[in-house]
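Note that the chains are named A, B, C and D in the order they appear, and that numbering of residues resets to 1 at the start of each chain.
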Amino acid sequence: MNEKVNPYKPYMATVQEAWYETTGDRCIKTLKVLFDDEEVRENWSHLPGQCTMIGVLGVGESMISISCSPTEGKFLRFSVMRMGKVTQAIHQLEPGDKLTVRGPYGNNFPVEEWKGKRIVTIGGGIGQAPLRPIIEYVKANRSDYEGLTVIYGARTSADLCFKNELKDLRNCDGVSCHLSIDIEEEGWPHYVGFVPSLLMEVNPSPENTIAVTCGPPIMIKFVLQNLKKLNFADEQIYTTLENRMKCGIGKCGRCNVGNLYVCKDGPVFSYATLKNVPEAFA
Amino acid sequence: MVDLENLRTIAKETISREDVKYFIGWREGTYGFSVSPHFVREPAEADKLIFSPLCSNNLATYLTLAEKLPVPRGQEPDTRKVALMVKGCDSRAVVQLLVERGIEREQVVVIGCPCQGVIDTKKVEQLLGQPENVVRARWEKGKIICQLPDGEKEFIKEEVLAQKCLKCRYPNPVIYDILFGEKVEPWCQEEDFQEVKEIEGLTLQERWDYWQEKFSSCIRCYSCRNVCPLCYCEDCILDRLNPTWINRSVNISENTAFQLSRAFHLAGRCIECGECERVCPVNIPLMKLNKKLSKAVKEMFDFEPGLDPEAKPLQASYRPDDKEDFIL
Amino acid sequence: MSEKFEPNIVAFLCNWCSYAGADLAGTSRIQYPANLKIIRVMCTGRVNPLFIVNAFQQGADGVLVSGCHPGDCHYMEGNYYARRRFSLIRELLEYIGIDPRRIHMSWVSASEGAKWKDVVEKVVAEAREAGPFDQFRRNKINW
Amino acid sequence: MESLKLDKDKLKDFIAALDSKKVYAPQKVGETIKFAPVNGDLEVSLDFANTTVPPKEIVFPQTETMFLFEQGGTDINLTKGGAEKVLLGVRPCDARAMSVVDNLFSWDIDDPYYLDKRKKITLVGLACLEPPLNCFCPSVGGGPASTEGLDILMTDLGDAYLFQPLTPKGEQLCQLSSELLQPAGAEDNARAEELHREAEKKITREVDIKGLAEGLPSLWKSEIWKEVAEPCLGCGICTYLCPTCHCFDIQDEMEGLDGRRCRMWDSCLFKEYTLHASGHNPRPSRRERQRNRINHKFSYFVDKFGVTACVGCGRCINLCPVNIDIVDILSKVKEAL
């Protein structure tokens, strides 16, 4: 079998840096990863929103979104929440350890099409990871976009990812950042409440704007309702779906929602597509 | 003769009760000798109910197979009873479930159906082929009568009945709220474990070869597990990935491990309804494994599961003087 | 191969009696065969029969489960349950053709260093007689 | 291409002449009928109707090693490709199933494991002259003598087999044993055609699948699915033994320091199939799972590849322990549309 064309053969990569974003039971760790093979490193290209199968040999693989923008450099970043068998193993990786990466898979946020528009990202919890590349991409190509509004919430302030980066965002021109936590905390200067209500508070105008949302299913459900209240058209709303995946290339069958494979036709969908798929928000 | 009118009346009365959710019985299948479990929710649906020598499904499975989905906010969980028809062997499954507290007595209405043995479709299809139209069958004077398009055919028990039924000692339900039909005289008094003894008579190597051949055809569809009324763990060891006890890959080593653990988890619990063997698409003689353990349980602990609702589960109890001649 | 064959035995020892008994045998400088891979469990009641099956799958030629004498269990009754379970799995394994000389259970208390030696010698000798057990190996099949 | 004839008593010689390739034929292995390698002293019989285990397991084994590795290592050793194989006595439905599944495994990104085996296989089909009861291949676009996916179609003429080579691969195979095969006459071909027609008439079960692909999603909330799922045990018989079901799982296995990544059949009727690590399950009950099974076969697959992922072999009907009958379901769906 030709090694070059076997899509199941992963590339070896090495962890460069690793740090915890949050702590607790379902903590989130971010890994900065570099491919071992020079050629792979050079030929690799991805766009915001795309995913990879990352894994540890002997344990397995998981579909994880790439949480960095290609504009940041020749490395990859993944933010992984500790959940199952594979993510537990990934959490044990330290700088210098090996992991396997194959991909990139799936479609991407149409960031090129969005040029000239204002972008609103609405994230919750680990849902900020796939949105981060958009933020970085817009920052790097700032003049191409009208503006960026980041809306992000988590259960507590300790559960917020990318805290420092979000702080820095406030200094960028034309970028606004709104944070929220679910439960009141001492010393918290920002909004307290759920993300959908923060969205109403921020009240972005649908004029020449794209809204992208990612987070737990229940949050997405209410965010979509509220975006409709704010008069966003279906085509202006984007979200990502996730499902259990094994192959990443549309063969193993399990990630379908209706007739769409999340790994091939997704993970990025416009609400115009999804609203007709009955299984999408199951 | 089975009085179907009476059965349907019982079902209608039961389903009309306020405290009954649904009634599980059997109905005719879609072709030949097939029969399907039938869930009655409306009295009108009761008219499809049948009880015949073709009703081999053990409906006690559905007591634990029903999925417990989260109750939507603002709604009360449905705690009404489930009514189900049981043959003699099936009723032992209900008893064993009560012993293990898999279900509570007040959750079920048991309609006991004395049974004179069910047909093994594999056997009868060898004799008659697969008829296109639905076949009806009935017991008559110790014989089995099949209604075929070209007239009725009469069989003696040995010709068509399932193996488990030929040796059945409990044709009458051991537990019931309503008895449907007349109790029948058991035709077998003593379990002789003949099939088990045959294998025990082989040398170790012969036994190993015998079982390896059987296990090698296992496709791990887990039908034997799912159909078993007593395999009802929420989180089965076979589905566990962390740690993985039995790998999902299908090869002789994992298949053997799977079959051993399936059989072992039923040690002292198997009520010998034979469903696992009936459903197996690759015809593994699973009852020969289960029966071996039944024999061991009988000989070592003088215990038979599924008879006394007050009994203690075999492996969750002990006697200080249990046999221990094998211990060094 | 048969002359040189040294059986691989996996032994599940209870923390309170047999493990201490084996320890005593060691500190008393009692020599016993070195074929054992000892896995300490808190009680023989912890030994899931699948452990035994799994040991065979991973290349054990024999398995030993050893705990406190009846009545001496640190947890009052763990070894009684273990005994029932073991007697059944032993029957089942023998029934599918696994040599009973590969499957042993023993009671060895913390003070029975000498008995431990006898048990191990017997277990190893029997497993040696039974020969190598490869048919059940995971990766020998079709990797 | 010219039709040929092989005397029945020369079947053994025919197989022997193919010795450069591995020949598989339906055989009783243990208590199961499946495709197994033919070895010299075994009497080959092609009289079995559908095998219990479909020949998909030859091109898509139930468990297949993808690559080997060592713990802590970085080398990945891909499995080598397999040998050339000939499948003798494949039923037309099973061959059609392979051409259906080809769509999926060569869609967008090629699946090297499947395609390698698929390319190296020659399918010698045998027309079904006595179709079993639960076959309904004509309803889903096939037939007891359908040639789709086959390289050679054989027809049992009583004392001889008629060979109709259909592809260059089939012709090549016939050349390997050219001295055993005689040219067939026009009357043989006519006889075969007549037998094929008669066979098709013997199939009694039918269902009209027109409009299902578009219609099924509209029945999303229908009570039909509850009715179907209620007796369902949630076992894998119907999917594992379906010649077109192709879903798989990928697992890593370790033994000591040796490890392998392998893939194995999986079934959409299992709970863990879609279970997220968080504990959330987008298809929480058998109702959703059965709905997905039917929708996938008759709607999603049609949307994607233009063919129905069911070839009417009847295995799921025959083997279902609780008589969940796909023809019956589809007729109910049709009624509800």
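By our rule, contacts are C-beta pairs under 8 Å (C-beta built on N, C-alpha and C of every residue); 3 or more make two chains touch, one makes a residue touch a chain.
Note that this is a predicted model, so its numbers are computed, not measured.
A.B. asks: If you walk from chain to touching chain, how few steps can bring you from chain B to chain C?
C.D. replies: Minimal hop count between chain B and chain C: 1.
A.B. asks: Consider the two chain pairs C-D and A-B; indicate the one with the greater count of contacting C-beta pairs.
C.D. replies: Most contacts of the two pairs: C-D.
A.B. asks: Starting from the Cα centroid of chain B, hunt down the chain whose centroid lies farthest away.
C.D. replies: A
A.B. asks: With centres defined as the mean C-alpha position, give me the chain C-chain D separation in Å.
C.D. replies: Here chain C and chain D have centroids separated by 46 Å.
A.B. asks: Suppose each chain is reduced to the average of its Cα coordinates; what separation in Å results between chain A and chain D?
C.D. replies: Centres of chain A and chain D (C-alpha means) sit 39 Å apart.
A.B. asks: Provide the C-alpha centroid distance between chain A and chain C, rounded to the nearest whole angstrom.
C.D. replies: Centres of chain A and chain C (C-alpha means) sit 51 Å apart.
A.B. asks: Would you give the residues of chain D that are in contact with at least 2 other chains, written as numbers and ranges?
C.D. replies: Expected reply: 63, 249, 251, 253.
A.B. asks: Show the residues in chain B shared as contacts by 2 or more other chains, in ascending order.
C.D. replies: 241, 247, 251
A.B. asks: Could you pull out the residues of chain A that touch at least 2 other chains?
C.D. replies: 84-85 - these are the residues of chain A that touch more than one other chain.
A.B. asks: Per the touch rule above, enumerate the chain pairs that touch, sorted by label.
C.D. replies: Touch list across chains, by label: A-B, A-D, B-C, B-D, C-D.
A.B. asks: For a test of understanding, state which residues of chain B touch chain D in their complex under the given definition.
C.D. replies: So the residues of chain B touching chain D come out as 29-32, 34-39, 57, 61-62, 65, 67, 69, 130-132, 213-214, 216-217, 219-223, 225-227, 239, 241, 244, 247-251, 275, 278-279, 281-285.
A.B. asks: Given the complex with chain A, which residues does chain D contribute to the contact?
C.D. replies: That would be residues 66-67, 69, 71-74, 76, 78-81, 104-105, 107-113, 116, 217, 220-221, 246-252, 254, 259, 261, 263, 266, 268, 273-278, 280, 282-283, 288, 292, 295-296, 299-300, 303-304 of chain D.
A.B. asks: Which of the residues in chain C come into contact with chain D in the complex?
C.D. replies: The touching residues are 58, 137-139, 142-143.
A.B. asks: Could you please specify the touching residues of chain B with respect to chain A in the complex?
C.D. replies: The contact residues of chain B facing chain A are 241-242.
A.B. asks: Show which residues of chain B lie in contact with chain C when the two form their complex.
C.D. replies: For this pair, the touching residues of chain B are 196, 199-200, 204-212, 237, 245-247, 251-254, 256-257, 260-261, 263-264, 267-268, 289, 292-293, 296-297, 300-301, 314-316, 318-320, 322-324, 326-328.
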